[in-house]
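Two complexes, one shared chain (chain A), two partners (chain B, chain C).
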Partner chain A sequence: MREVYCVGIGITSFTRLEYPLAEIAAYPGMMALKDSGLSKVDHVYVANMGGGKVNHQTGLASAVVDQLSLAPAGAETIENGPASGASAVKQGFMAVASGMCDTVMVIGAERMREVNDLESTEFVATLTHPHAEYIYGVTLPSLAGMFARLYMDKYGATPRHLGMVAVKNHDHAMDNFFAHLHERITLEGIIDSPEASTNNPIVADPLRFYDCCPVSDGAACVILASGDAAKKTGKPRVRLAGVGQATDTLAVHDRKDPTDLLAARGAAANAFKMAGLKPSQVDVAELHDAFTILEIAESEEVGFFKKGEGHLALEKGETRLGGSLPINPSGGLKAKGHPVGATGVGQAHEIVLQLRGEAEKRQVKGAKVGFTCNFGGFGNNVVCLAFKKEG
Partner chain B sequence: MPTRLAKKKEEALMGVDVEKILRPVDSPMPPFPPKFVTLASGDPMVIRQIDRPEVPEILPHVHRLMAVERDYYDVVAARAMGELLAYYYHRVQDEYVLVAQINGELAAVVNGRLLNRDVGMSYHTISLRRGMRVGAHAFAAKMEYHIDIMKQKEVLIVAESPIGFRRWMIEYKLEKRFHIPHELGGPPSWSLTKEIFDRARGTLVVGRRPVPDKLLAKAKAAILPPSDPPKPPVDLLAATRARYDSTATAVMAQGWALERRNK
Partner chain C sequence: MEMNIFGYKCKKCGTVHYPFRTICKKCGHTIFADKAEGYELVPLSKKGKLLTWTRLRSLPGDFEVPELLLGIVQLDDGNRVTGQLDIASPKTGMKVDGEVRIVRRDGYNEYKGMVFESA
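What follows is the complex of A and B.
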């Protein structure tokens, strides 16, 4: 298997974008081409979840290749729920590692704000079990709420810990030009004050408004290249060293212990094994905090902290910028935003930026190893990526 | 833009004091006791009533929003400007204006008037600080003024923006009064009754009194300009362009690509 490097990156603001989906997708592609110095690539993978349903556009990759005039490069649209982004990175990795391609452009793009919040929540809920969950009105917030309640009962985390994740990630996003929410929040404002329950109402008990990510539009791009092709670009050598994927039961109630995120655990283990790394070597991570509880739970499942101790590490400030293992320096899904199909690529973008040392005010000093966890479904299909700075 | 009451020449030439005829007589209205709310940011936001002398301080900030073609800020600001000027010049009857301030900065303006002793007419809610329910808290204070302070039975409301519709009609579950045209352009009215208001106490309607002296003094000392007011929509990919593409290379690259394709 050949080694695979990240040679170009680009991103749009994660916000409400008044552009056609294909243009939103193409823009970071142009940025990444400029960043890499390349003018063409062998193949383009475009991750997108809702084009067909929300934007009435299928076959997005064909439109993006045309928009970027990259024909006759091969092109495919990748749909794997909220893990579409990292799945597309995985496809790009396989294409380069196998020797089939020398350069691959991976784009993740979504335009969710074309419909209202209720419709977008309903659309995302279509990834649940159609007969056991969806028809009974299950949504992702409701699953996350039940998960949070179980987790809190079992491990002693409290709503205050959930609030700490939100406060931390909102703080981080203040330094991210491209983040959806530039809004500093405090525990006093969302938990402690007499007005907190109005500022931060219950969405799906025990999850409150500030425990949930916003609905965002946006796109991100990473260009992957073989070792030889990467050398020619002269870009800092950031290697996509490990890719791991694992699945779990579609319906959450089929799991022996629903607080065990076995797909996240397996995907992370696979990624670390391929990369020859250990969780303790990670300097910076982007975890899939669509709901605050997920950052805590994932931080344990991927091996950063012992099971049931993620909230304690959070409490000590270990996961903050400046802590021993900063998690979601970009603001995470919670504050950077969550354009579902773009999220996994956006996470990779942030890690490449960090390992290059180009993350400016939110730079994790001396970061050499980065990690992402892109959580699909409600933990039924997870893709993890491990990155390593070389040289 | 006028910032003080102008004395017009023709007025001086009139044989009678026409101002007395033009100026409606306001009904006695109890003052709105100031309150404060802690926002999600942890900042206390003071909501208080202003009288005519303070109106010129807020006019420039509302005026700027007339250029914001987003979420109907333009039409709301244009209409609110008219209402504020009418209030200032005594050309509307029984109007009041409340402002919300965060660290002295203007965060929201809400206004309304009495239709009669029992019924209030809600005018506008303008948030000059987006997010954190700033506008929603200010609207709740306005309803509190009508229902609790002025003891009215109901307030007639319309929304001019989808966010307003969500905040008022949906969150409060307002009743229909579609047979009554609202003063803001004549659309069918919705009603917030005392019963609806009572239901919203402690959830949508929050805040504390009295406002700590220091906090109130700061708010009253000056209405400072909003530091992050709503801005006209821009090219939302501009953030990307500005950061990575100051030379517009990406845009040119698109042109080059098109040239290549056309060859």
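What follows is the complex of A and C.
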């Protein structure tokens, strides 16, 4: 396999965007071309989950490649639920590593705010098992709620720990211009005060409003290149060193221990193995905190902390900017936002920014190894990426 | 007539699958081959223990109720199901009794599934 480098990045604000889906997708592509100095790429991969269902647009990649005047470059749309983004990065990695392409543009894009909240919740709920879950009214927040209750009973995490994830990630997002939520919150406001139950109502008990990510529009792009092609761009040498993926049962009740996220564990192990890295070497990570409980659980499953101790590390401030392993310096899905198909590429964007040392106020000092976990479905399809700064 | 939710019992190794899968997870037998050779339908138990639950207040469009109680139940026969709860204040570990009822209406379509009450 050839080595693969990240030579260009671009992103839109994750928020409500009043532009057509293909234009939202094309914008970070344009920025990434500028960033890399390239004017053409061999292939374009566009990650998108809801174009067909929410925006009445299928085959998005064909529209995007035309928007960017990159034709006749090859182009494909990648749909893998909320892990579409990292899946598209994986496809791009395979194209360059195999020698089939020298330069590949990977875009993730979503426009969920075209429909109302009920319709977007319903759209994401189509990820659940059609007969064994969906018909009952099961949504992603309800699976996360049931998971959170089991996890908290088993490992002693409390609603305060969930609140700490939210407070931390909202704090981080204050320094991210592109984040959806620029709103500082406190444990007092969302948990301790008499007004907390109004400020922070139940969504899927024990999860409350501030435990859930917002519904966002947005897009991000990473351009990948072979070693030789990367050298020509003169950009900092950030290598995509490891890509790992694993799957689990579709229905959550079908798992031997429903508090295990085996797909996250497997995907992370595969990514670290390919990269020749250990979890202890990671300087900065972006984890898939669509719900606060997931940041805690994933921080254990990917190998940063022992099982059941993620909430203790959080409590000590280890995962905050300035801590021993900052998690979600971008604000995470919780506060940066979660345009489903764009999220995995957005995570990669943040890590490249961090490893280049260009993250400004939220820069993790001296970061050399970065890691992302993009969690699809409710943990049934997970893609992890490991990045390494060279030179 | 009493209604049931059925599991799919692999005819080779006896593993009960719920929901259905085409190839047995345990022994690799092709369950889907045909009904005579592949699987046997077995009604799932309706009694069990509540493994975990949630009170959902952000509902999909089809539900015209303020909240929905959902849970995963560990059935007495060793299988597990997700279902709705008709229990005012559920507690993890409580004994529950299930019944097949209409769980969702979407226009003229009705969907039936397991609803649990406190035993």
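Rule of thumb we're sticking to: the second predicted complex is superposed on the first by the 391 of 391 C-alpha atoms of A that agree within 3 Å, B and C clash if a C-alpha of one lies under 4 Å from a C-alpha of the other, contacts with A are read in each partner's own complex, and residues count from 1 in each chain.
As a working rule, contacts are C-beta pairs under 8 Å (C-beta built on N, C-alpha and C of every residue); 3 or more make two chains touch, one makes a residue touch a chain.
Worth saying up front: this structure is predicted, and the values here are computed from it rather than measured.
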{"item": "Contacts of A:Glu119 with chain B and chain C, given as first, second, both or neither", "value": "second"}
{"item": "Chain B versus chain C as contact partner of A:Tyr19, first or second or both or neither", "value": "first"}
{"item": "Chain B versus chain C as contact partner of A:Gly37, first or second or both or neither", "value": "neither"}
{"item": "Touched partner set for A:Ile11, first chain B, second chain C, both or neither", "value": "first"}
{"item": "Partner chain(s) touched by A:Gly156 [first = chain B, second = chain C, both, neither]", "value": "neither"}
{"item": "Touching partner for A:Gly276 - first (chain B), second (chain C), both, neither", "value": "neither"}
{"item": "Which superposed partner A:Phe178 touches (first chain B, second chain C, both, neither)", "value": "first"}
{"item": "Chain B/chain C common contact set on chain A", "value": "201"}
{"item": "Chain A-touching residues of chain C, taken from the complex the two chains share", "value": "18-19, 51-63, 68, 70-72, 80-84, 92, 103-104, 111, 113"}
{"item": "Of chain B, residues touching chain A in the complex", "value": "37-43, 131-133, 137, 203-204, 206-208, 233, 236-237, 239-240, 243-245, 249-250, 253-254, 257-258, 260-261"}
{"item": "Residues on chain A engaged by chain B in the complex (per definition of touch)", "value": "10-13, 15-19, 24, 27-28, 30-31, 33-35, 68-71, 177-178, 181, 183-190, 193-201, 210"}
{"item": "Footprint of chain C on chain A - complex, ascending", "value": "117-119, 121-122, 125, 129, 131-133, 135-139, 141-142, 145-147, 149-150, 153, 201-207, 250-254, 258"}
